[in-house]
Amino acid sequence: MSLQHYLVISAILFSLGIFAVLTRKNAISILMGIELILNSCNLNFVAFSRFVTPPENIDGQIIAIFGIVLAAAEAAVFLAIILAIYREFGSIRPDEVDTLKG
Amino acid sequence: MVVPLISIILLCPLAAFAIFALLGLAKRSFPRQDLLSTAAMLIALGCSLYLLKEVVPKPEPHTVDWISLGKITFSMGFYLDIVTVIMLIVVTLVSSLVHIFSIGYMHGDPRYPRFFAYLSLFSFSMLFLVVSDNLLGIYIGWELVGLCSYLLIGFWFEKDSAANACKKAFLTTRVGDVGMFIGMMMLFTRFDTLSLYGDNGIFTRITNPEYLTADASGIFWLSIAGVLIFCGAIGKSAQVPLHTWLPDAMEGPTPVSALIHAATMVAAGVYLTARMFPILTPSSSLVIAYVGGITALVAATIAIVRFDIKRVLAYSTVSQLGYMMLAIGAGSYVAGLFHLTTHAFFKALLFLGSGSVIHAFHAMHAHHDEEHTDDNEHEHDNHGLVHAHGSEIPPDQDMRNMGGLRRKMPWTFGTMLVATLSISGVPFFFSGFWSKDAILAGALGKAMVSHSPHYYILFGMALIAAGITAFYMFRLIFMTFFGEPRNQEMHDMAHESPWVMVVPLLVLAVLSFPVVNPIWFNDYVKPPPQPHIHAPQHAQLGPDTKTGDANSGFAFFGISEAEAAEEESGKNTEKANDVYRIYKLSHNIAMVLSICIAGLGILLSWLFYHRRKFSAESVATTFRPVYNLFWNKYYFDEFYDGVLVALTVWKSRLFAKFDLSIIDGIVNGVATITRQIFAAFIGFFDNRVVDGIVNRVAEVTWAAGGRIRRIQTGAIQTYLFVVLGGIVLIILIFRAL
Amino acid sequence: MLLSLMIFVPLLGMIVVLLLPRESEELIKRVALVFTLIPLILAVYLYMTYNQPDLEHLWKQDVPWIDTFNIQYHVGIDGLSAILILLTALLGPICVLASWRNIEKGIKAYMALFLLLETGMLGFFAALDLFLFFVFFELTLLPMYFLIGVWGGPRREYAAIKFFLYTLFGSVLMLVAIIAVYLNSGIPDDRTFDIPTLITLAGTPGHALADPVFQRWIFAGFFIGFAVKVPIFPFHTWLPDAHVEAPTAISVILAGVLLKMGTYGLVRINMDMLPEGMAFFTNGVGFIGNSLALLGFINIVYGSFCALAQTDFKKLVAYSSIGHMGFVILGLAAGNETGVTGAILQMFNHGVISAMLFLLVGVLYDRAHHREIDGFGGLGNRMPVYTGITVLAFMASLGLPGLSGFIGEAFSLLGAYERFQTLAILSTIGIVVGAAYFLWTLQRVFLGTLNPKYEELPEINRREILTLVPLGILTIVLGIWPHFAIEMFSETVTELTTKIMGTLEASL
Amino acid sequence: MDYLENIESLAYFSPEIVLVVFAAAVIILDLLVKNRESEKTAYLSLVGLGCSLVAILLTNSILGTDESKNLFFGMIRLDGFAVFFKVLLLLATAATILFSLRSEELDARLKGEYYALLLAVTFGMFLMASSTNLLMIFISLETVSLTSYILAGFLTHSPRSSEAAFKYITYGAVASGTMLFGLSLIYGMTGTGDLAAIGQQLPIVLAEGQVTTLGILIAITFILAGIGYKIASVPFHMWSPDVYEGAPIPITAFLSVASKAAGFALFLRFFFSGFGNSEVMQSIDLGLLLAIVSALTMTIGNLAALPQRNVKRLLAYSSIAHGGYILMGAVLLTNGDAAIVDKGIGAIIFYLIVYFFMNLGAFYVVVLIANEAGTEMIEGYRGLSSRAPLVAGAMAIFLASLIGIPIFAGFFGKWVLFTAVIEGNLYWLAFVGLLNSVVSLYYYARILKAMYFESAEDTERFSFSKGTFALLSVFVVPTLLIGLLNIFYSLSEKFTLQ
């Protein structure tokens, strides 16, 4: 398993995430897309810190851990806001939430 | 002594006006403005007369620096030679007489004081013009008199005809003035100065070969400049083709016509041309002579068929001015000025006389309007004539309402008769004869000396004009004063004018005899040299010129060239004597011819209008086309009107409304053209195109705003798509770089 | 010190006015009048004591302001600015008087803004620091915008924003040019905005500022900025709207002073600082070489014909100003002594005369409440005094010799003829057309039979006469003895023109 | 490279600590006080800000003038630049709290955590202004974002607010995710998270050919997505109008000033230390990229503002445009000449000071009008000159300043920027910017027009408290004076990055 494999995978993950975010018609799946993006990044960091930097340097892995934490926090806030949206709009379809425009 | 005198001459009338203006601001007016102005004029007259003996043989300009910019300096000042003094006297004299006359004539007019104030202002401007020693000063006076004539023609501005006439006068002359101004620009660029006399005045400089030279170009631009300056004279002195304003100017009060449009302002053109004599080249002289000749002839022919007494005199004035121009163009400097002087007196007299007649009828004016308009209609019918635009004749000026007045108003009749004899050139006791004769002689002499056909033609023109003049002037006299009263009612009302009006008539009548002695004139007035004309004959004039021998004296009116040549004295006596002989001969021929033709003219008009051997109508019908041509003033106005009617049609598509009263005369014509088409187009252009572009830009910006707005759909995923697109785009673009 | 006093006294006046209660209107007017009179007095004092020992700027004051950019508060007066300051100071009180009755609402704000405006104008003419110059230039915008927009006629909002946009656009280009000049004025530590210094630098061969190509671009930048103000075709379309909508006094200021700011800038910056650029645009070679003169000619003819086409009295006067400013441009383009003198005279005289004209229009408007030329007629015998003054103003404006209007035009043309024969001759068309539209207006408004609607039109009153008389006297006096004005700036002009002509000869 | 241990860092970290402590305190206090007294929490948080300000000044003084410290093993850096931004952000937060006190749309019940969140976001922004490590950059960014999301959606029972929050978080999450991906790539290329180290490594690896310019370009573009979204630069700006419109006005003001400022701080520090090396920038032509972005940002911002009728939204677009102006200064980072880079940063700093006052001032007026007239629409401003002359006058001054008319601060801000840009030989960019300011005149003038040229249906006068005017004058006076006083210019020089 070389660096390239990891990078390719993370790239695929990232693309999938973006794809989900752009196309899904459900706020939850958008959230999942976002998670995919973040995790692809984490994968990158870990992989780089494993292959690029000397073993004693673990910056990348630390960053990845923080990434996970922040992803969790973000998910929490996101869900809260989705609740609010649902309360106000009675739906969580992103394309129905478009009163602000122009 | 000269400067203070001139200052007094200038300041008196100015003060008279200033008092009126200042009190006017306080909405008050001086109790006896008329006396004030008249007194001012009389003082000026006194001073001018006194100046006669102040004139020094070698006149010097008295100048002050007016504007000095680094190396260039514009000076203002007086130049006093005999010509100036003569002009001063003429102006002040006529002006004073007119003032006096007006006291009676304008009596009871609502704007009585203002009239005199204007007269004073005019006199000031005219005098300023006369004494100025530089072109700028002349130009200033030139425009000021224009303003005054504008104000005075439009004195009864409630009349639309008057309102139009004054505007027409100002604009027409203005056209000429622009030409004059361009001429000034040319001279200025050549000489870096506009003063004429003094050490670096133009006339001094021009003798210096660097300015005009053997090479034709020097002469050429000088000719152009000369003609351009002359344009001013064309405008002011109502020469063809800018003459149409003067007849209309008769809308003004008659004293004004006498002062401004007969004696002084219109003569200013001649004066200017005379002043510019040194820079006139042969070619420009010829142009001037032709313009003068044509004017003389055309105006005279038009005058034959007028019925409005003032219009007849107006056209006669135009024609006489043409005469003077012709004289100067033909090099008869002295003759031109002499005729200017004499004409000033007898023409003023004629106008004042007609004024007195009109005054006599004036009372009738009110309740006879409609009746006479009927008369006119009737008139036209049996002549089958169309009235040219703006020639509706007020009944109290229509000669067809007059007749047999000589018993009613003997003084007026007598004085006017004198003037008529004088203008018709009846020998030998009338000044008009001598001056006219001198001009003819000059033209003929020039022709014979220079062997150029041009001057023979010009001589012919002058001669014919002289005949016609005699004819229509006596027509006027006969129609007005002889025969039976055509309109009994008005006749009964008519009465001799009060003495304030008669006295000026008498004075002027006296002056219509050769009081202004031709010999004296010839001795004192000397034409300035024309350095660039290398005259073929250089003559030292024989001593006999200065003798009292009248004939020989007059003979030399014409030979400015010879006199000019005098300075560059080739002592070539027999050549001079040739010239002398030629001129003497020419003079005799001219005199004989002029006497004959004048007699012929008088005789004809006697047969036509007094003995009624033939009827003017029948002649008119036989020579219908010619008659129509004259009656319609060679269709000058019609031509313009025609153009404008076409434009009116045009405009009716362009615009909703259009004021027909605008259409009058060439300048208004131009104004209308520009207003209707050009200016309208530009106005349109301004709104639509120039402004339009700006607005278009604004709209585009707005539209762009709208577009961008529409991208902001409100759907979050669109935004994210833009983000992705942005990223991809950036990467694609900058990777290529 | 005196100069700064003169500049900032109106500002002080503004503060005072703002502190007064809005009810006490009479008091506010009086205060405003007083605070506009003080600069006038100072200006007159300046004129009395003015002499041209050498081209040293008078009443100089030079204190550092923003060191970071080496910006100074540097003001001073030379002949050119002196005469325009005189004009501004003169028109100030006149305008206050002219607004005495016909400003219905918010007189307080009106006067405050007006005073601010006056400070801006005085400062602009006195500024000797390029940055300060620009600041004052822009300072006039906002008050003007409000004065037109709040107290203007029916289409005031449109006119106001149009004026604002145009001028701002122009000044944007100017700003770029200014920054460029600043950056090229030296090494980072001793860059300067000081106009006299910059002028000398631009004169020293080899210096970055003296580079012809650079100067051409900068010239263009400044020129457009000023052209909008003058206004020069095709940037002129804001003028008629602004004039027509603005209240009388503001039209007076607009025509009297603000237009002069443009031409003043042209002389002060484009000619004095950028002779190379000037030479490039006026060397008479090809289209570019004639462009400036051509613009002048276009302004003259175009403005005159537009005026001829107008039916609105005020619009007619507005367009006539465009025409008259054309003579200024023509004279400046000539670049020789006669031309430039003529141009500067024309600036001053046009300031006076157009002020008169707008005041007169205002007088009529206050009475009849419309400005349709054809709607009047025969006023001549209803209000003779008014007519008399109007005739004077018209005659002055159409360049009747003996009145001040003539000299400016005549000299501009005389000067222009030496360098641009054809254009000068063609420009004389403007003289005839000028006469045409003025006389025609005169006829339609004052001559003929009295329009029955106006049987009872009241004659011009004392206050209005008071506003007009000083201007009228000026037109006559300067017409008879223009030296009174010329003596102030002849030295400046001589120095300027010798430089310009020198550069021209060098460039050809 | 020298850096401080954790413990010795704490002293320099005191401002942030103070903020955190007070955030906690506020929450606790909120539990204690009754609802209607919940204003106390606001005052407490103000006190907190005050203390933190004092702390900042202290740290600055012990820091000395030009010297700088790397704290926590070089995670964050304390220097003049950071200090400046901390002060600015602190003041912005204070202003926001004061606005919130006067704003009627925020309902009373939730005030406690609201202020706590404000303090928290300030804390995050402090970190943004000073972090020098990829990790810290990401964390600070997220901290700020997460709290902002909540604040934007703070108006419960307001659909607009919730929608704003939803869009904000979706957009923000994606953007920061993208950025994180970019960061990971950078990390991979250089093998370090420390910006300075990255600055040294990148040219080397680039020279050795281990990384292609394309790689760097991709990385930077991804990172730009994150930062660009914070400073709302095209094409990452689209969230801001909607969020600004939906969010409570004080928060809008806060976002438009504080989080923009923080974003620029991050932007500058990142590119200055991380990509300070010019050949890296040249290799991907970063200068042109940024120039185009800035040109587009201001143009689109201004054009889109033209048709707006909602003043809040209008100001949102206008703040996008102003972001574009500021970016012009950022473009100069790529200039080879260090002096010009300094000028650019100085210009940005100066402009931010100016922008702080004029924009917050404008927003404050919007708050007041929203309270009195009950609308954010431009119609609400009709006849304001007669209904509330002083407020109208203040607004006029703010707008004139935003347009950039002389003697108002905005002009001098633009002046400094454009001078710098032209000195960088970017004439075209300067010209675009200036044309934009002409365009901007048009929509700002629409508000002026409404206030002065039009008259309202009902003309009863608005009544404002003394405090209102006091606070207003706090913004008016600097807007009038900053440009005219020399000190501010010299001030802006002290804080440039070393």
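To keep things simple, chains are lettered A, B, C and D as they appear, and every chain counts its residues starting from 1.
The rule is short, and it goes like this: a residue touches a chain if its C-beta (ideal position, glycine included) is under 8 Å from a C-beta of that chain, and two chains touch if they have at least 3 such contacts.
Values in this document were obtained by computation on a predicted structure and should not be read as measured data.
> Please report the minimal path length, in steps, between chain A and chain C on the chain touch graph.
2
> Could you tell me which pair, C-D or A-B, is linked by more C-beta pairs in contact?
So, comparing the two chain pairs, more contacts are at C-D.
> Distance between chain A and chain B based on Cα centroids, please, to the nearest Å.
98
> Between chain C and chain D, what is the separation of their C-alpha centroids in Å?
Centres of chain C and chain D (C-alpha means) sit 44 Å apart.
> Using CA atom averages as chain centres, what separation in Å is found between chain A and chain D?
26
> Which whole number of Å gives the spacing of the CA centres of chain B and chain D?
Chain centroid spacing, chain B to chain D, equals 80 Å.
> On chain D, where are the residues touching two or more other chains?
Expected reply: 166-167, 170, 174, 178, 241-242, 307, 442.
> Indicate the residues of chain B shared as contacts by at least two other chains.
709, 712, 714, 716, 720
> Two or more other chains touching the same residue: where does that happen in chain A?
Chain A, residues with two or more chain partners: 18, 21, 94, 97-102.
> Could you pull out which chain B residues touch chain D in their complex?
The touching residues are 701-702, 704-706, 708-709, 711-712, 714, 716, 718-720, 722-723, 725-727, 729-731, 734-735, 737.
> For chain B, which residues count as touching chain A in their complex?
Chain B reaches chain A through residues 709-710, 712-717, 720-721, 724.
> Provide the residue numbers of chain D that touch chain C in the complex, in ascending order.
Counting only chain D, the residues touching chain C are 339, 400, 403, 405-407, 411, 415, 418-419, 422-423, 427, 430-431, 434-435, 437-438, 441-442, 445, 448-449, 452-453, 484, 486, 489-490, 493.
> Considering the complex alone, what residue numbers of chain C touch chain B?
233-234, 236-237, 240, 302, 305-310, 337-338, 341, 374, 378, 380-381, 384-385, 388, 391, 395, 400-402, 406-407, 410, 413-414, 417-418, 424-425, 428-429, 431-433, 435-437, 439-440, 442-443, 446-450, 459, 465, 469, 481-483, 486, 490, 493-494, 497
> Looking at the complex, which residues from chain C come into contact with chain D?
65-69, 134-135, 138-139, 141-142, 145-146, 149-150, 156-157, 160-161, 164-165, 168-169, 172-173, 175-176, 179-180, 182-183, 188
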